[in-house]
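Since the structure comes first, as structure tokens, the remarks are kept for the end.
To keep things simple, chains are lettered A, B, C and D as they appear, and every chain counts its residues starting from 1.
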Amino acid sequence: MDVIEEGIGRLLTDPDPDNAREFFRKKSRKMVDKVMSLKDAIARFVHDGDYLAIGGFGAIRTPIAACHEIVRQGRKNMGFAGHTSTHDFEVLSAGEVFNRVDIAYIIGLEARGLSPCARRYMESGKVEITEWTNYSLAARLKAAAMGVPFVPTRNVLGTDTFHYSAGKVVKCPFTGKRLMLQPALYPDVSVIHVHEADIYGNSRIKGITISDLDLARATKRLIITTERLISNDEIRRDPSLTSIPFYLVDAVCEVRYGAYPGNMPYEYFSDEEHLQEWLKAERDPDAFKEFLKLNIYDCKDHAEYIELHGGIKRMNELRAKEFLIHKEVNND
Amino acid sequence: MDVIEEGIGRLLTDPDPDNAREFFRKKSRKMVDKVMSLKDAIARFVHDGDYLAIGGFGAIRTPIAACHEIVRQGRKNMGFAGHTSTHDFEVLSAGEVFNRVDIAYIIGLEARGLSPCARRYMESGKVEITEWTNYSLAARLKAAAMGVPFVPTRNVLGTDTFHYSAGKVVKCPFTGKRLMLQPALYPDVSVIHVHEADIYGNSRIKGITISDLDLARATKRLIITTERLISNDEIRRDPSLTSIPFYLVDAVCEVRYGAYPGNMPYEYFSDEEHLQEWLKAERDPDAFKEFLKLNIYDCKDHAEYIELHGGIKRMNELRAKEFLIHKEVNND
Amino acid sequence: MTNYNVMEMMITVAARELEDGATVGVGTGAPCAAAMLAQKTGSPNLVIMFEAGGVSPLLPEMPISVGDSRTFYKAVMASGMCDIMETCCRGFVDYTFLGGAQIDMYGNLNSTRIGPDHQRPKVRFPGSGGANDFASFCWRMMVITPQDKRRFVEKVDFITTPGWLEGGDSRAKSGLPLGAGPYKIITNMGVMDFEPETKRMRVVSINPGYSFKDIQDNCGFELLKAPKMAETKPPTDKELSILRNEVDPYRYIIGR
Amino acid sequence: MTNYNVMEMMITVAARELEDGATVGVGTGAPCAAAMLAQKTGSPNLVIMFEAGGVSPLLPEMPISVGDSRTFYKAVMASGMCDIMETCCRGFVDYTFLGGAQIDMYGNLNSTRIGPDHQRPKVRFPGSGGANDFASFCWRMMVITPQDKRRFVEKVDFITTPGWLEGGDSRAKSGLPLGAGPYKIITNMGVMDFEPETKRMRVVSINPGYSFKDIQDNCGFELLKAPKMAETKPPTDKELSILRNEVDPYRYIIGR
């Protein structure tokens, strides 16, 4: 396959599907109880140096509890998939967890502004970067989920984003058209937050799935955090609702409000005030250290963090906001 | 892109995504009432010479009513995607509707045996054929749905199936591995049978989706037949359940029992006795002409065909069989 | 010019570009407001799509994120990123609105970095997100941005998102889908499109109170003039009323 | 040999190959019966997958089609064809059972045609269906088939589905996933596997009442002998009872 052009970015993961097959061959397919604490799941399955991916869309259905736990346990030298990574990126940057990133969208929190902490870290030169786009990273996960070394796409061509990527341009043998090849991305470990899961890991997501169905299939190890555990009977009652099957899953952690302060569709809206507190605290690095101590390092778990920010009462307000109940709640 | 090997089969459709884009650019995106009779839908959207694809899995959630109507209206010289095509293939063969076929699975009705009619037609030399596999055709639809000219896969390599395909083998520029390239398949027109749709074409499928989500996205024109129409309010009540959005759809036809005599999951089981009647009738070509006259050409529509085979009473038996109610009904 | 502000003007101009029955991939902020305004004025059948998966929601309020609950509130489908991006790639999506820290005369956008050292940038921005994808796939890309010399530059520090690349037929040659590209650039001072052959930016419409010179003075490269430059029509009372009372009642986007 | 029939023997032998915690892609008929028997004997955690999308159903009865309602009855997931096939391609599926009109000494299967003219075959069969895909992707492919000279042929008329291709390392060189390939061929007379270097079919186990000669006489190519050929263990009373009473009470597969 003649390569016409190639990006100068480094490919941070191995796209070889046979190497992935060897890994998956050994992965247990037994439908056994995988419930454990988030602390144990992170300790067992997330290692220094691993390449990590996080499900959701930055501050929507994102396993923020798991991000806190990864920072709390002091993981270092990780690779990271910055796929519309917003508040998750902010948290992981605060812990300086990673030293190499595939970038599609980082630092920003969409309409909320940019994270000073993430920006400082990314401008420090401490982090190796390779450029992509949201669809590129989605397509790279899709290639891995398909068990092939790449898929072709028609974006990225002609730009500096391509030049700093690790993609390649080839000519299509059917049409003569130039195509971008997106190399398969098999993360070592990923965390996805879902609405419901059984003890084996069979999981349901409500609303948009973003790139999580491909991510669940692409990743070598998968931790599911779930708003609530449900019975296997309930899973089997309507198998159309399952989008992540148990054999992909290594750990199931019940973490109520696990996406807080992000938005969990059909559960609770994002806590915009608290997200602003993050952005504000980050402006002064010393003050931010205190903020992190309070919100992450001195918290035993996510429940303590929730208590710190209003507990059930606040969660109920965010629930009302999610469901557009009480218009005054929406007006902040 | 260096081609190492290529199949000698003819590519029956154009894989060029820019040509498809030009078509889709002109396709209306207006959310307008698309309800019409199946007769009108077939008359308007299925033309002699078109390349046709049929949703479902041969005799499961397959728009058999639409297949009858295509035969009844005497379509000829069509291309056809034989993607686990069983009873649908049998019906369309009876009408000698197509003269070229992409083959993954044809003629057979799985455990039920082979269709003598379809076999005679395929052995007649009247039909040009190109070989594929079930996953190949699924991947070809996926490539079209992705808007790219091909996707790579790791099947088919090394076999005569490859030799008689229109695929190509290339070397992966990331891993050096040989890959099969599956060219995008954009059918001219397709019919998919669903459980519920609104008047605009927003559709819900329960149970396995087979390749229909990609098919709906790959096809240039799409006819939806549905067990029942539902309101747009109901669609909007739970957007997670929609898997085919309105902008893909050209016509919506309410056809109760539209998959009969096939199986419609969660609605009715297949009518195995009647499927056997088909296989038996086909053994004698003359008797089969009479059978077709009775069951297709002399029927005004699918409702008449249903009446011919026991009407509501029989449908209720098949419903009981589907839900495993009354074990004696299952025992035939 | 007394009864509307700059943001209201830009949103209104953008909304008018969105004809009935078109599809548009939007982000948060002004583009979303423009799409909502279009739906409530001449284009009730405008289809709004969000890159994270929301299709044609009945937006109850402005989304904060292109993936938040609002983006699929009473939507016709809650899908995923590949589905939306591939729908764009298949040619189903007519318009998109994008932005960036820098834009050049061919409509190329930079949202990646300022400074020459990629691994250690002077200023690091978020990167492409879905911008490169939308600009590659959607038929007509539009930009809503303030007219400013630091934004409209001779050469962007980094082409994050393709415009017409180096102009002429360079975009077609790159392999990007044929026929798609930058369409309109909407600023506080006027509206630009692109000369069909060279693909260079040119002024087609000047906002009331501004001159071509004002626009050129606030642009870092030489602008062409369209054969006929019109005066941009300001928002009507009806447009303003809908924008203020129905689209953005809390004035998140249009300001106070 | 008096208290079981040939089909019961083959299904039992096949079932014993499926260890607990393995995944298997199955079709209708004997393979499905074997998988069900395995689940009800030593392998309660055997995961059954159907190519049309059903994952791990609680099968209430034998499916008629690999896509019918039974294949996802109380399943853990009702998915689609790409998801299942790509799960196989990623290396998640350990076993599959296939068949065909012809098989050669390398386990290549023909289910496409008899006769030399492809466009006008003497006999046309259904084609690959999902067989080529399963055989390409699943780690270990098995076949349940009657021992018959017209089936076991020197050269198949058409390689629909890959076995070890031309033997040796030809399969690895073809680009098919490494390490996967034909594993066991289960017939009414015995069980064959493949010699590790040449990949030629060899007899590993002979069913009670048959000899190596019987198998060779009913095979169109020369069979190798495994270093140690065992006698196949016939079904136990327990296996037969479960097969007859729980797996196939109407004797659709095992016959009357």
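Criterion: a residue touches a chain if its C-beta (ideal position, glycine included) is under 8 Å from a C-beta of that chain, and two chains touch if they have at least 3 such contacts.
Source: prediction; values computed, not measured.
**Q** Show which chains lie in contact with subunit B and also with subunit D.
**A** A
**Q** When I count C-beta pairs in contact, which pair ends up with more: A-D or A-C?
**A** A-C
**Q** Nearest whole angstrom, what separates the Cα centre of subunit A from the Cα centre of subunit B?
**A** Spacing between the chain centres: roughly 37 Å.
**Q** Could you work out how far the Cα centre of subunit B sits from that of subunit C, in whole Å?
**A** Distance between chain centres: 40 Å.
**Q** Quick one: report the Å distance separating subunit A from subunit C, using the average Cα coordinate of each chain.
**A** Inter-chain centre distance comes to 28 Å.
**Q** Could you list the positions in subunit C whose residues touch two or more of the other chains?
**A** 54, 72, 78-79, 82, 89, 137, 177
**Q** Would you mind listing the residues of subunit B that make contact with two or more other chains?
**A** As it turns out, subunit B has residues touching two or more other chains at 17-18, 146-148, 153-154, 177, 179, 206-207, 239-240.
**Q** Using the contact definition from the top, classify how the chains connect: line, ring, star, complete or other.
**A** other
**Q** Would you please name all pairs of chains that touch?
**A** So the chains that touch one another pair up as A-B, A-C, A-D, B-C, B-D.
**Q** Taking the complex as given, what residues does subunit A use to touch subunit D?
**A** Per the touch definition, subunit A meets subunit D at residues 17-18, 20-25, 27-32, 144-148, 200, 202, 217, 232, 235-237, 239-240, 242-243, 245-247.
**Q** In the complex of these two chains, what residues of subunit C are touching subunit B?
**A** Listed in rising order, the residues are 20-23, 45, 47, 54-58, 72, 74-79, 82-83, 86-92, 94, 137, 139, 177-179.
**Q** Which residues of subunit C touch subunit A in the complex?
**A** Per the touch definition, subunit C meets subunit A at residues 27-29, 51-54, 60-61, 64-69, 71-73, 78-82, 85, 89, 108, 112, 118-133, 136-137, 158-162, 165, 170-171, 174-177, 250.
**Q** For subunit A, which residues count as touching subunit C in their complex?
**A** Residues of subunit A touching subunit C: 56-60, 82, 84, 86, 103-108, 110-112, 114, 119, 122-125, 128-129, 131-136, 138-139, 142, 153-161, 164, 169, 177-180, 206-214, 263, 265-266, 269-270, 272, 322, 324, 330-331.
**Q** Touching residues of subunit A toward subunit B in the complex: what are they?
**A** 1-3, 11, 15-18, 146-154, 168, 170-175, 177, 179, 181, 183-184, 205-207, 239-240
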